[in-house]
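In what follows, chain A forms one complex with chain B and a second complex with chain C.
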Partner chain A sequence: MTNKGQKVKIFVLKDRCKGCGICVAVCQTEVLKLSDEKNKDGQRHPVVIDEEQCLNCGLCEMFCPDFAIWTTKEKEEVLG
Partner chain B sequence: MVKRQKHPFDAFLKLKNIPTVWCPGCGIGIVVNTFIQTLKKMGLEANQITLISSGISCTGKISDHLNFKTVESENPFEEAAEFKQKNPQSRVVLFFNDNDLIVSGTKGLIQSCEAGLEILAVLINSFVCNVLFFHKKYQGISEKIFNLPRLMNHHGASYIARWTPLHCRRLSYSIKEALSKPGFSFIEVISPCLMYYASSGYEGKTIDRMGCYLENAKINNESPMKDLTVEDLDHIVIGKFLDRS
Partner chain C sequence: MAVKQKSSSLENLFHPTDAFLISDIFPTVWCPGCGIGTAVNSFFEACKEKDIDREDLYILSGAGCTGKISEFLSLSSESITDGHIIEKAVHINENDPDKKIVLFLNNADFLISGGEELKKARKKKLNVLIVYINNFIYALSRDKAVPMTPYMRKSTLGEFEIPYNIPYMAHSIGASFVARWTPIRAGWMKQSFVESFSVKGLSVIEIISPCLIYDANTGRILDPVERMAFYNDFSEIRFWVPIKDLDIRRQKKIIVGKFLDQDRIHDK
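Here is the complex of A and B:
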C-alpha cells in the first residue's frame, strides 16, 4: 500500500488524549505509536513516526473517543 | 501569535467540558464521534437536532459535551412526546444506558414505541445492570441480557439495528437511515462497561478487551428476533434487523 505521493498531515491534540491506544491499533500502515513522555493528565499520547506512509483513510479520526486526532489531505492548517 | 489547532468536530462540542468524563477507550465516546460524523455527512447542523436525556449514568453526560439543544427530564419519553407535538419538524435523539432504559424506563419506551413517536432512541448497552453476566465464569451462574430488539419488534418499531462500537461505519449508516425515516427507530450498541469488565478477571489493555467485538460479533441481518438474546460475549448477533419503510 502506498499513498501515491499525496501530502497528508496528521494532527494530535495531546492534552485531550487519554491513552487508550485505539488509534495505534487501527492504523493499517503503522504511522502512529504511543509516546514515551506523558501529557498533563499522565497519559501516553500517540506520536507520528512516519507521516509519509499515511493513507488518509481516516480510521484514527473515526475511532478516537476523545476527538484528539485527525488528518487532512493538503498541508492546510485549520485555524481557530 | 500562537495558532490554536481546531478539530473538525469542534463546532459540535462544548469545549469547556472537553476532555470528556468517560474512561479511556469507552464505547460511548466512539458512538458520540460516529453520531457527529453522521450529522456532518448528512449536512445537518447543531441547531437542527434536539437531545433529550434522563441525566442518569454515563450516557446522561452526553448532553453535557455536545453543543445541541438539550433537555434533561426524569421522564425523557414524555418530554420527547411533548416536544415533538410543539415542534413537529425537529429531529429528536435520545441516548440511553441500560440503567435508565431497561430498569426504570421500560414503560415510556413501550408507550412511545406503540404510539409511533418519530424519534431515534440509541441504547448504549453497558451490561451494568446484569452484574452476574461477567461473573458466571467463576460461579456457574448464567444471566442473559434482555432481548430489547424483540420487544421493540413486538410493539411496532419501524427501524431496529444492533451494532458494537468497533462497527462504527455500519453504525453511521444506521443512524443516517434512522434519522431520515418516519416512525420509532431503535439502535442498540453493545458496549460492555470497561471497568466492570476489568474487575471480573479479563486482562489486557483497552484495545485487547474491545477486540472481542470484532472476533465474536457475527453480522446476520436476517436473524429471527428470538435468537438475538446475548447469552455469552462469544456469541453476539449484530445487524440491521428491521426496516419497515
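Here is the complex of A and C:
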C-alpha cells in the first residue's frame, strides 16, 4: 500500500488525549505509537513514527473519542 | 524561542470539528475508550457531510455520563432531568419547526423514568432523532438490576431482569428509522446518522457502547482496545433482519445493522 505521493500531515493535541490507544490499534499502516513521555494528565499520547506511510484514511480521526487527532492532505504543486 | 514554537503550532492546532465544540473544557469527563465520545464524533462527522449549520441543531441530553454531552457543545444544547426530555422537544418543535432536534438518551432517560413519556413522541408525530446509548449500566451502580442488565446476570443483591428488545420497542412507538451499531463500526454509524437526517418522523439509533467500569470488580476486559476488539468479535452486520428477532439474549452474536426505513408518520 502506498499513499500515491500525497503529502499527509498528522496533528495530535496531546493535552486532550487520555491514552486509550484506539488510534494506534485502528491504524492500518502502523504510523502511530504510544509515547514514552506523559502529557499534563499523566497519560501516554500517540506520536507519529512514519508520516510518509499515512494513507489519509481518516480512521484515527473518526474513532478518537476525545477529538485529539486528525489528518489533512496537502496536494503537491503541479509544475508547468 | 519557546514562544515562537508555541505560536507556530497554534496556527495549525484546530480540529475540524472544533466549530461545534467548546475547546477550553477538554479533556472530556468520560473514561478513556468510552463509546460515547466516538458516537458524538461520528454524529458531527455526519453533520459536516450533510452541511448542517450548527444554528439549525438543538441537542438535548439527559442525566449521567450521557448527559455530559451537552456540556461541551457550542450550540443550543441542554441537559434535562429524566422524564421531561420529550416534553421539551415537543415545546421546541412547536415554537421553531425548522430546528433539527437530536436527543442523546441513556438507560434512565429512555427506559426507566423516561419510558412513559415516549408515548408522547408517537402521539405528537415528532420529527426527532433519538440516539439511545446502551451501555448495560445504570448510574454506575452494581447493586441494582436494570432493564438492560444482560440475561442471566445478577446484581450484588441477587436481582435479575429480562432485557428489552430495543428495536422492537422503537417500532412500537412509531419510529420510521431503526438501526443498531457498536462504536467499532463508526463509519456505518456515521452513514446511519446521514440517512436519518432525511427521514420524516421519529428515528431511533441504538448504540451498544462499551462501559469500562462495568466489569471492574471481576477484573475482566479492562483495556479499552481489548474491549473494542470484544465488540468487534461478538457482533455481526446483517441488514433487514425481522425486528422481532433482535432480542440480544437470543443471539450468540449481537446483530448490528439497519432494520427499518419507511415513512410511518401517516400510520394509523
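In this text, the second predicted complex is superposed on the first by the 74 of 80 C-alpha atoms of A that agree within 3 Å, B and C clash if a C-alpha of one lies under 4 Å from a C-alpha of the other, contacts with A are read in each partner's own complex, and residues count from 1 in each chain.
Heads up, the rule we're going with is that contacts are C-beta pairs under 8 Å (C-beta built on N, C-alpha and C of every residue); 3 or more make two chains touch, one makes a residue touch a chain.
All of these numbers come straight from a predicted model, not from anything done at the bench.
Partners chain B and chain C, once the complexes are superposed on chain A, run into each other and clash.
Of the two partner chains placed by superposition, chain B and chain C are both touched by A:Phe67.
The interface of chain A with chain B overlaps its interface with chain C at residues 11, 13, 15-22, 24-25, 41, 43, 61-68, 70. The touching residues of chain A, counted against chain B in their complex, run 11, 13, 15-22, 24-25, 41, 43, 61-68, 70, 77-80. Against chain A, the residues of chain B that register as touching in their complex are 3-10, 13, 18-20, 22-30, 32-34, 37, 166, 168-169, 205-207, 210. The touching residues of chain C, when paired with chain A in their complex, are 12-13, 15-18, 21, 26-28, 30-38, 40-42, 45, 183, 186-187, 190, 223-225, 228-229. In the complex of the two chains, the chain A residues touching chain C come out as 9, 11, 13, 15-22, 24-25, 41, 43, 61-68, 70.
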